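You will see two complexes here that share chain A, one where it goes with chain B and one where it goes with chain C.
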Partner chain A sequence: MKKSSLTKNGLILMMAVSFILGVLAGPLNAASKYKDYPVPKACLDAVKKEGSKLYVYNWAEWWPQELFDDFSKEFGVEVIFDYYADTEEVVAKFKLNPKAPYDVVLGCSPFNVMVLKPMGIVSKLNYDWLPNVKEYMIEGYTKRAFDPGNHYQIPDSGYATLWAYNSDKVDDSVPGFHTWKFLFENEKYAGRITMLDNMYDVTGAALKSLGYSWTSDNEAELMEAKALILKQKPRVMAYDSWPRRAQVEGEAWLSGTWDGDAWLVHNEDVPALKAVLPEEGTLISANTDFIPTGAKHPAAAHLFLNYLYRPEVNALLIETIGYPPAHKHTMEFMSDEMKAWPGFILPEGYMEKCDSDDERMVTGRGKEIRLQIWEELKR
Partner chain B sequence: MKRKKIAPKILAGLSFLVYFFLWAPVIVIIIFSFSANRYGVSWDGFTMKWYADLVQNAAVKDALIRSTIIALVTVVVSTLIGTLTAYGLFKLHFKGKHFLRTSTLLPIVMPEVVTGAALLVFFTRFLNLPLGYPSIIIAHIVFSTPLAVFVILGRMQRIDWAWEEAAMDLGANRFRTFTRVIGPQLMPAIMAAAVLIFPWSFDDFVITYFVAGIGSTTLPIYVYSQMRFGATPIINTIGTLFVAVTIGALFLSRAIEKKNAGR
Partner chain C sequence: METIKNATSPQSDLVVKNKKKFNVEVPLYMGPISFLLVGFVFAPLLIILFFSFLKTGLYGEIVYEFTMGNIKEILTGGSGIVFLNSFYLAVQTTILCLLLGYPLAYYIARYGGKWKVLLISMIVVPSWVAYLIRLYAFKTITGTNGIINNFLMDWGLISEPLTMLYTPGVVMVGLVYTWLPFMVLPLHAAMEGMEPSLLEAATDLGAHPVRRFFRITLPLSRGGAIAGSILVFIPTMGDWLVPALLGGSKVMMVGNLVAQKFTIAGNIPSGSSLAIMLAATLILILYLAIKWGGKEAMEKLV
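On to the complex of A and B.
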C-alpha cells in the first residue's frame, strides 16, 4: 500500500536527524519514540505450546498485508486467513457454527459483539497479556456502556457514519448543506444518491435528521423516521454499502458512507470527494476485534492484539485503512490532510450531539421495528 | 407470403439477443482485464499489469491453488464413483433400482442453499468433521457425481454389449472384461464427464461457502469477499481466468465427444 508523502518526508527527516545526532540503528520510524510493552513470557510460552498459529477472520484486501507478514516474521507465528464480505456474514457464520475455530475476528462493529456475546461466542480478554492496549487505548474507548473496560473486544479504530459528495458536481454552499436533512430531503440531486445498504445506518441517520437518538427504540420516533426514508426512496439510485464504483464513475454524487471508506475513495480514486460530518450529530462507534470462544490459539490472538497496539504498527494500520485511531499517539503521525478529514478530529462540542453504541438498537423492539421498516423499504 | 418472411427474422433477432446477452458481459470482462484503466471500467490502453498484480496477490494465488486441488480431487473421485454407479444401474437388476437412479438427481434439483446448509449441519453436528478440505471435497463429490452418472449412462446405452459377452465367453473374468473391453469403450464418456465436472467444482460458490472452513477459501469465495475493498481490474482478470478454464473445458469435452462419435 502506498504511504502518504508526509510520512515519507517524516521518515527522511528522522533519518537526517538521527544521522546528525549520530544515533545508531533502531527502527527509523517516527512512532518508535513511544515504547513497546511486550507480552509477558507466559504468553509467548503459551503461543509456542499452541503450535504458533493464528487463524484470522477479516475483510479481504483491507488491512495492510505487511502488518501480518511482519508479525509472522517477528514471532514465528503462521497466520492463516479467512475473509468475509460483510460483518452480518460473521454473525451468520457463528450462528450456524458457534465453535468456529477462528482465533481473532477483526473489523467488526460493537453491534456484532452485542449480538454474539449473549450466545457465548465472545471470550473474555486477559489484560495481563495486553500491556500495549492497557497503556495506549484512548480513555474514551474504555468507558463505553456495552463493554466498560473493553473486556470482550478491543477497538482497533473508531468510525463515524456520515455522507460524502462529489465537490465537482454538487454545490456545497447552499444553506443547511452539511446536514442529514439535506441528504434526505433535497430534490435537486434525485437519482444521484446512494444510501448504505444497512438498516441500522439508514434508520439511524433518519432519526438524527429528525432530532432523535440514532439508537432510539421509541415506536413513534421510528415511524417518523420510516416516513422520511420512504419519502426519500424514489430519489435514491441504490442502497449500496460500498458505492466506490458509482463514485468513481461519477454516477453517485451523494453517498451515505463511513468516514474511513470515504477517505479511501478520496485518497485513492476521487480527489473531489468530500465528506460531511452532519450538524445534527451521528453515530460514533468503533471497528472492533474480538477472540471467539472457539479459538484454538488464544495466546497467539492476544499476542497479535498487543502487537496491533504497538505504536508503529498501529500507525501503519491507521494510515492504510484511513479510520480515526483508538490509540493515544497514532494521530500524531498522520498527515495534516488526514487530520482534517471529517470524523478524524471531532469539532469542539460535536461529541455531545452524537450517540454511541446501545444494545436497545439491536435487540427487542428496536431491532424488530427496524426490520419492518427495512422490509417495507426493500419491497 | 409476407408472414413467412417475418418469422425467421424475428427468430434470428431473438437468437442474436440471446447470444448477445450471453457473450457481451464475458467479452467486456476479458477486454477490460487488459485495460490500463485503474477501475477496470473503460479502455485506457493495453496493459498486463493486472495479471501481474493477480500473480503477486498471495491471497488470490492461494485461493486459486486451493480451487484447483479441490476440483482435481473431485474430478477423479466423482468420475470413479460415477462410472461404478452407472455400471451398476445399467447392468444389474434389483428392487429399488428405479428409485436409486432417480434419486441421484437429488443434488442437481435441490437448491444449492438447501444442500449447503444441510451439509454444514450434517458435518458439524452429526459427523463432527472439521470444516476445510475434507468437507469441501465431500460436498463437491456429492453434487458432481450425478453429472458423471448421467453422462456415462448415456454412453452405455450406445455400447454393443455383445463384446462383453464375447470376452467372458473367451474366458475373461468380469473384472478383466471391464478393464479391457468395456472400460476403454466408456473412456470418451468418462473424459467428457471429467471436463464437465472440473469447472462445475471450480466455479461453485453457494455450497462451498457453507462448508468451507478456515484457511480453505476457494477462488469464488475470495472474489465475493473482496468486493468491498478489492480493486476492480483484478476481479476482471479473475473473471477472465474463470471464463478461460470453463470454456477450455467445454471445448475439450466437445473434442472428446467428436472423437467419440467418429469411432
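On to the complex of A and C.
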C-alpha cells in the first residue's frame, strides 16, 4: 500500500515536472522545426586560430546570460563581457579609442552606427559566414536607406517609440486618445505624465504630432516642436527613460516609452498598463549589432551573430528582452498576448506613416537645433 | 689641519647618515599616495585640459587641432544660466546645512556627554550606504504612494496624496540630507576643542549668554563652519544625481550639462572645456574661502 502510493506520488511528481518543463520549453522546442544553418568550416578554423575568445560589449543586465553560456559551451569559445549603460557611452568610447578591442557590440541604435561608420570604426560583414542571418532576416530590415543589405550591422530586434497608459486610471474612450497630440496637449492628466529623457525621442514625437517627419532638420518645423514641448513641460512629472518605478507605484499614468519596455512592465508588474501606437505614426528603428574594426576575433563575432539568428536562440532572446524580432519566424512562438501588443505586429498600412533612421537627425543642423531645444527645455 | 678634519669627520658622518635615512623614508611614505594622485587625479585632469582645446568634426570625432572656440562658446553661449542654477542650489544647500548643522554640532559637543559617540555615529552611519541607494530610498519615502503619504492618509490627516517627489522642494531636502554630515563633523570637531573654562570665565565676568555666544563660541568655531561650508558647497555644485532622480530631470545642473556634452552631444572637447571651467570656478571659490577663513579652516578641512 505504502509502496504503491510512493510510486504514485513519484509518478505525479514526474508528470508535474515534465509538464512544467514542457510549458517552459514550449516555444524553444517549437523553434527547432526551423533549420539551423551552420557556419562554414573556414569560419570555425579561423575561430580556433584566433584563440577561441569573444569580447562582447553589451547593455548591463538586459540580455539573457543563458544565451552566452550556451554559446560558450557549444563552441568552446570563452566570452568576456564589458557593459555600458547608454549607447552614447559606446560612441564616446570609440571616439576616444577608435581601435577599442571589442569583437562585437550589441544593442546599439542605427543612429550610433551612422555616426561611427564614417569614422572607420564599423567593419564590413562577411555574409558567407552568416547563413542564418541571410536566411531568416525579415526582408524589410534589409532595405533601410542607411545600410542597404545590412553590410555593416545586423538588427537583432526592432523598436518603436510610443506611449503607455494605466488603464485603471485613464479613460481611453475620449476621441483622439490614440495620438501623440493627446500626450502633448491634454490638460486632464497634468502632473501624471512622464516623458523619455532623450532629446531625439521627445522632439521626434512632437514633430510627429504636428504632422512633420520625426527626423526633420527644418528649423521652422523644429521651432514649432520646441514651442509644443515647452508648453507641455509644466504638465510633465519627470523626464525618465525607464519610468518603471513610477508606473508600478501608480504615480505615472501616461508615459512616453518604447514598445518593448512597456511590454516588460505590463507583463511583469502592471497588467493594467496598455500601450498606444500613435495614429500620426512614429519612429520604427532597430536594436542593432556590429563588429568594430578594432576586433581581434572577428571570426568568433561572426560565429556569434550567426548563432544569434538560430531560431531557438532568437526566440530565447526575444522572450527575455521583449522587443519585436527581426527574425522571420520568432514571432510565431510568442504568446498571443505579445502578438497583440502594439508595435509587435504593425497594422496594415501603418508603416507608411512612420519614419525610419535618417542621418540628418544626428548630424549637422538637425542635431544642433535639437541640442539647443533640449538645453532650453531643462533650464 | 689634519686634526681639524678628523675632529669634524664624525659629525659630518652623522649628517650624511641622517640624510640617507631621510631619503629612504620620504619616498616610502609619500610614494604610493603621490603615485595615486599623479596617476589618477592630475593625469586625467591634464588629458581633459588637452581635449578642451581641440576641434570636433561633423560626426563629433576629435580633430587634433588647436582652438579656443570651446571656451569662447561657453563664455558667450547659454551655459551661464546652468552655472547660475547650480551655484544658487549649492549656496542654498550650504546655508541650510549650516543652519541645521550648527545647533546640532553645538549641542552634541556641549551636552552630548556619554552619548556623544552614539550621536555622531547616528549622523555618520547612514552615509556608509551608497549615495544612489539612499536616493532611491528617498523616492520610496516621498512618492505619491510613498511612506509619508500612506502614513498621513492612514491617520486621516490628508485625503489626497501630497505631491512631493519631482518638486524643487524635495531636491533641496535631498541635497541637505545627503551632505549634512560633511557640515556637522568639522563643526563638531571645532566645538569639541573649545575650552569649557573659557565660557565659564565669560559667565563669571558677567557676560550675557547671547554675548558669550557671539564673542567666544562663534569666533572659535568659525574655522569649522568654513571648512564645513567648503565640504558641502563643492560636491553640491557638481551634483547632478539628486536633481535627476528626485527632481525628475527637469532642470539641468552643470554636471548634467558636462555629461550631456560628452554623451548626447558627442562633443568631447566641448564637454572637457566645460569641466575645466567648472573645476576652475571651484578652485577659485576654494581659494577665496581659505583666504578668508585662514589657517583654522584649512586645519579643520584636513
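Criterion: the second predicted complex is superposed on the first by the 351 of 379 C-alpha atoms of A that agree within 3 Å, B and C clash if a C-alpha of one lies under 4 Å from a C-alpha of the other, contacts with A are read in each partner's own complex, and residues count from 1 in each chain.
Criterion: contacts are C-beta pairs under 8 Å (C-beta built on N, C-alpha and C of every residue); 3 or more make two chains touch, one makes a residue touch a chain.
These figures come from a predicted structure and were not determined experimentally.
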| item | value |
| --- | --- |
| Clash or fit, chain B versus chain C on superposed chain A | clash |
| Which superposed partner A:269 touches (first chain B, second chain C, both, neither) | first |
| First (chain B), second (chain C), both or neither touched by A:81 | first |
| First (chain B), second (chain C), both or neither touched by A:347 | neither |
| Contacts of A:62 with chain B and chain C, given as first, second, both or neither | first |
| Greater chain A contact set [chain C / chain B] | C |
| Which of chain B and chain C A:149 touches, first, second, both or neither | neither |
| Which of chain B and chain C A:40 touches, first, second, both or neither | neither |
| First, second, both or neither for A:96, with chain B first and chain C second | both |
| Partner chain(s) touched by A:242 [first = chain B, second = chain C, both, neither] | first |
| Chain B versus chain C as contact partner of A:211, first or second or both or neither | neither |
| Superposition clash, chain C versus chain B, among 3-11, 39-47, 219-227 or 291-299 | 39-47 |
| Footprint overlap on chain A, comparing chain B with chain C | 86, 96, 245, 249 |
| In the complex with chain A, residue positions of chain C that touch it | 58-62, 78, 81-82, 85, 139, 143-146, 163, 165-166, 247-252, 256-257, 260, 262-266, 268 |
| In the complex, chain A residues that touch chain B | 55, 57, 59-62, 65, 80-86, 96-97, 100-102, 241-242, 245, 248-249, 264, 269 |
| Of chain B, residues touching chain A in the complex | 38-39, 41, 58-59, 117, 120-121, 124, 131, 210, 212, 214-217, 221-222, 224-232 |
| List of chain A residues in touch with chain C within their complex | 86, 88-89, 91-92, 95-96, 115-116, 118-119, 191, 194, 197-199, 233, 236-240, 245-246, 249-251, 363-364, 367, 371-372, 374-376, 378-379 |
